[in-house]
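The same subunit A turns up in both complexes below, where it pairs with subunit B and then with subunit C.
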Partner chain A sequence: MSLRTPQATSRTPQFVPRKRRGAELILLAVALVICIGAYCAVGIGVEGRVPAFVYKLAAGLVGAALVTHLIVRWVAPYADPVLLPTVITLNGLGLAMIYRIDLANLENDGPDADTLATQQLIWTALGIALFVVVIIVVRDHRKLQAMTYTFGLAAIALLLLPLVPGLGKDINGARIWIGLGPFSFQPGEFAKICLALFFAGYLVVKRDALALAGRRILGIDLPRGRDLGPILLAWLFSLGVLVFETDLGSSLLFFGLFVVLLYVATERPGWLVVGSLLFGAGAYVGYLAFSHVRFRVDGWLHPFADPDANYQIIQAMYGMANGGLLGSGLGQGSPDITPFSYSDFIIASMGEELGLAGLMAILLMYGLIVERGLRVALVCRDGFGKLLATGLAVSITLQVFVVVGGVTRLIPLTGLTTPFLSYGGSSILANWVIIALLLRISDQSRRPAPAVVELEQDDATQVVKIR
Partner chain B sequence: MNRPIRIMAIGCLVLFFALLMNANYLQFVSADSLNARNGNKRVIDEEYSRDRGAILVEGKPIAQSVPSDDEYRYQRRYPEPELYADLTGFYSYTFGRSALESSQNPILSGSDNRLFVNRVIDLIGSRQPKGGSISLTLDRKAQEAAAAGLRGLGSDATGAVVALEPSTGAVLAMVNQPSYDPNRLAGHDFGQVSDAWKQLTRSDAQPMLNRTTQLTLPPGSTFKMVTAAAAMSELGLKPDSMVDAGTTLSFPGISYTLRNEGGSDCGGERITLSQALAVSCNVTFGGLAEKVGTAKLAEQADAFGFGEDYLDELPFAPSRVTSDSSVELDAPQTAQTGIGQFEVAATPLQMAMVTSAIANDGGLMTPYTVASVRSPELEVLESADPEQLSQATTSTVAQGLQEMMVETVDNGTAASAAISGIDVGGKTGTAQSTPDRPPYAWFTAFAPADDPRVAVAVLVESTSTTRSEISGGGLAGPIAKAVMEAVLG
Partner chain C sequence: MTELTLTLIKLGFLAVLWLFVLSAVSVVRSDIFGARVESAPKPAKQPKQSKARPAKQPRGRKPGRGLPRRLEIAEGPNAGESVPLTDEPIILGRGTDAAIRLDDDYVSTRHARFATNGEQWFVEDLGSTNGTYLGSQRITTPIPLPADTPVRLGKTVVELRK
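Moving on to the complex of A and B:
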């Protein structure tokens, strides 16, 4: 930091990226209008009046947005200005939709019905707090590289936790939860981040070995076994755990992340081919070996062949078809008919009440997050940061594709949360951490490079300090 | 590493593009077909809280929605439930819709494209969209006469009556006995609705079956009109042409012989075609069928609408001549087919169509029940436009058949349909099915002969009458007469 002096003399005038914090503030204001507006629309749609607590809620949201903005302004002034407002919009829309499902449940089941919006609000607050902590504590993402293997071990531990007797819980057929007192937690969401960190740290070191050493078989350069050993082990391990936890979505997500990062690190398209073949074989074996996989595929191809078994996806399709182009309007559809309309199927609820227009806007927002994330990777100056940003962005893409594609019947249904929208503490916390990391890398890459300081001419020796 | 990152960026875009396209497909392209699926609770809920359009006969509703003070806001009511149940069908929250409630649902519920402008105006005005109404072609007096006629057979009798306007194909009467009360299925007490459903669907009498369009039975001697038409076209016969008659029709090398009803000889070995129809001579028409051949006979039947689905708006079963047209029939089977037995099976509507085409000089009109469709503002959106389904036979043959059918009423088996002062054409039928159950009584007729305004078919499926008394002329004829009188006023 001592070298950052405005008068630092350099030979060529340096390009200094704009901070664009003002733009971020304006976008945040737009995001808040959307979120608070959505809450009001839900209240008007269901009960015919604006919810009484909307002022408190608005104050909370504005406060949270301001805190994140100020923190970013302080510790990451060059960070991407679009990511934060987009994420706040999605998070806010998710909160409004969960509140909307709560109201429907109260109407259907009376005052004792489960309500989730308050919990989700607490989780959001915790998520934002975690975001602040991460962006303050991690001042330089490259330091994370030092803990590559720690993250690898953490990922394994997190994935194993649900299998620990007494701690793990079976919820809806998947053993991916752990119970902590009254809370349930999905460690897989954090394992995702740890794996991205581990893959990035590992591959950036081994990329030359992976790319150059090795034998060429069938036109594809295969690396040496000893370079590939640990990562294959980690992959097999995570995959194995997921087979036992019967969580299709996560296993697809982790494998996709692994293949993509391997390809980006080595710049060898052959890995994509190998990965696709492995995935195809795995999917086929899974289809033959596991009845729940077959069930999902059948439900995808012929949902109406067994309307009772495929009730959820059919109701989701009916809901979205009923929403049509413009949707029924918040609070005016019946998204609560679909089971889990507040978590895995929240995108169907959005499609029903906000219509095709709203659903496309949400998808474009995800697209924006991903492309901004990949842009961060492009301009990032260090390999670890590039890989990490790519990994985080691709993981969001895969997760959105798997869950939205499943709910809209583009691909077979697999259980994953919709980032920022779905109800669920672990998902909210983990995704806020991802955004914190992306903003951190973004700030690092757009920050002007420290200038080279020329020492006095008459010094006996010239020391050139790069960093 | 930038090149692969750029490629990944494109890859991610492709995935998002796929999601966007799929969302468009789901919410725009396939939305209508998903919304139209039976059992779609959202659409049903929405429809249930809407002012559904009425179904009208001569301006009076036979199905209408009245406000109710429960959560569904409207209750469907059928003021004359049993009389019109087969046309209206039911409108049930639990069990979906049937008949016109189902086929005319887009108009009745207001989701039809022609009501788009109304919906937009309702949306802007923040009003609940309303459904349009439909007016039926039915003649109240004919409908009531038909129902009264069937009731007259006894409460446990089952049967069906259908009347058509020969020149247009408009359905004037359509009655079944037993019928059912669709109000029982439209209620908002779903427990009661479910009980009613169980009772109605499990009843042996099949009260929810529309016998006029769904029940195919051997038409017996009424099918001789088709055989006669084929013989006149193919063999060039006229009503006064001489044809073979006698007591039996035997087949070389086969012990089976075809006999006349009651063992008569039809009035001699050689009689006129007209007399053969008047006395319903099995020997003559069995022999003619043999001469014409099954293929030509089936062709003639198809020209009268057999094997075709010509009524979209109601549940429908096509009639048939043989169960498998690729199988060659032997001589006795062909002869039996010619008198409407063996595998011939027709609905009452189909037999009314045959008579109607004959009465309309051979032009077979497509039957229809909806005369006009109106928007909630009573503006006419569509009026029925009568369409010809086919030219069943030449006008010469049709006029010959008319002449012979009038003769059948004046001096033959169909005398029970005679109306004083008006020329009526008719034909009876008494069809055997299995030996252990009584025969089916058929009657079909048209009037007046010089300018036919009504063609009617009556089926008496079963009654408590003793077996020997069952005949088309005796049981079904008077009902046909009453319906025609009601139409002619």
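Moving on to the complex of A and C:
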């Protein structure tokens, strides 16, 4: 992607901007069929009948989809038509799978088992509400550039919040939660957005200095030593997250996001080399120094060496193997055996019940979201919007890669939520905000060029002679 | 529920899932290739403009009639210099990739860009420090630029000339 010579859409005369809201509506209809169908299939698979509340649920889902569609039609008429239906499909699939695991838990543990589907429905409703608020309030993404350093500070504050004594909570070995009364909240999810905004605003200003100086070694433009400051800072910062919050996934996400944005902003592959070396060094030191990192790596390489400790990943593998090509069918597998099959391991649950065919469809939907995000970045007319769209798309890419790679044992397992699928309020809210921002930027970039306006005949500004 | 029904439901669900993915892909595809051509511009058939200025044709592709042919520095350290306009966008600034390297301390390295869509020219500020002004208006978005309208960058004033 070229930032230095931005491709003007205005140079292809045949391009007529289209709104494509009709296409979005049709895709939304299919998406709703999938969401409601998934609930029905779960009910039929588990209990042999369609769940009784499905009419209420269907009304709610159709209402939510229509509201988002109408809002987009109203405030962002040129926005991308694929993003919203894809996201609603993923969210609906996640809801249905969480409901399915609830049913299994009710069957196993009796009526006082933990049920999460209702909570997740409430979070989804809140997420959609937040989406609407963001897309209405943020009318022009370029205004966000003015708050670059505010977002940077906010990101650091959000990341440090879990370390505050009394506020932070240690859940399952990772200190990434804060407790607000009865609610638990993962501030890292929002820190991700703030960091994308900060990196985009920072790099769009500093990219010339980072790109122009440097020397060439082995055909790769390496940056100057003194320009390494920011990348070293980002590296130390994500190492800090790793050490003090013991959160592998977020640490990888933040560092990866920064390196990729640095590369996109400067167009110099040297940054990727430097970033990979730093990451490799950090990962190796982490492996030597921290037992939890070593535990994850051992579980990745030799899960059967200690089947009790690696129970989760082994169950996930058996589940996916049981699913096979076409899956066991919704409601007919046993994804509830895997611990956290509703959050970190929801991909394994999907793989078991929908099979490889369904899992590939889900991964393709993530691919579509990322493709649309990068497309927005290509078409966007301003550098900040380009970098921001790239950053948001890359954050989704990294997150999906880290989670799905971990669950399928491609890379060591790290705890991150699967966007839109996993159970988790903060994750749902943050990801809906990401989609709102992407739709906003795409609306700006797909809009037709402004019509010729007659200039007012006022006095031109004067050049003040100083010398 | 018989085994058959459950299998049919399973396969049907997967089919709808893939139907969604494929229709989303087809929307993406039509977004890339299927933009309708509402009015293909035919520069050859446009009415002739006045022949008052039989300006010399620059090298490169011939711009449409009625379009400005040169970008000229009207005021500032480089006053009088000009650059022919083709279909390619032009960057002004102090940097090496500028079409005219402006010798003006108040101009940024990559200050402003002039680009055309074949029908009209646009001017766009590239995040310069001191801004690009049309009249008293500091421009923030690409703005259509008629001929003979002064645009100010730092202490330099440029105009498009026919």
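Structure notes:
Following the convention adopted for this analysis, the second predicted complex is superposed on the first by the 409 of 467 C-alpha atoms of A that agree within 3 Å, B and C clash if a C-alpha of one lies under 4 Å from a C-alpha of the other, contacts with A are read in each partner's own complex, and residues count from 1 in each chain.
Definition applied: a contact is a pair of C-beta atoms (placed from the backbone, for glycine too) under 8 Å apart; a residue touches a chain by one contact, two chains touch by 3 or more.
Computed from a predicted structure; not experimentally measured.
When both complexes are overlaid on chain A, the residue A:G415 reaches neither subunit B nor subunit C.
Of the two partner chains placed around the shared chain by superposition, subunit C is the only one that A:Q332 touches, whereas subunit B remains out of contact. Contacts of A:G424 after superposition on the shared chain: neither subunit B nor subunit C is touched. Between subunit B and subunit C, more residues of subunit A are touched by C. In the superposition on chain A, A:G188 contacts neither subunit B nor subunit C.
In the superposition on chain A, A:G391 makes contact with neither subunit B nor subunit C. In the superposition on chain A, A:G324 makes contact with subunit B only, not with subunit C. Of the two partner chains placed around the shared chain by superposition, subunit C is the only one that A:A361 touches, whereas subunit B remains out of contact. Within the superposed three-chain model, A:V400 lies in touch with subunit B and out of touch with subunit C [touch as defined at top]. In the superposed pair of complexes, A:R20 makes contact with subunit C only, with no contact to subunit B. Residues 355, 364, 371, 383 of subunit A lie in contact with subunit B in one complex and with subunit C in the other. Put simply, subunit B touches subunit A in their complex at residues 1-6, 8-9, 12-13, 15-16, 18-20, 22-24, 26-28, 30-32, 34-35, 37, 39-43, 45-46.
If you check the complex, the residues on subunit A that touch subunit C are 5, 8, 10-16, 18, 20, 23, 26-27, 30-31, 33-34, 37-38, 41, 44-45, 48, 81-82, 85-86, 89, 142, 204-205, 208, 326-330, 332, 354-355, 357-358, 361, 364-365, 368, 371-372, 381, 383, 449-453, 455-456, 458-461, 463.
Against subunit B, the residues of subunit A that register as touching in their complex are 260, 263-265, 267, 304, 307, 315, 317-325, 333-334, 337, 351, 355-356, 359-360, 363-364, 366-367, 370-371, 374-375, 377-378, 383, 386-387, 390, 393-394, 397, 400-401, 404-405, 408-410. In the complex of the two chains, the subunit C residues touching subunit A come out as 1, 5-7, 9-11, 13-14, 16-21, 23-25, 27-28, 30-31, 35-38, 40-41, 75, 87, 89, 109-110, 115-120, 122, 124, 127, 133-137, 140-144, 146, 149-150, 152, 155.
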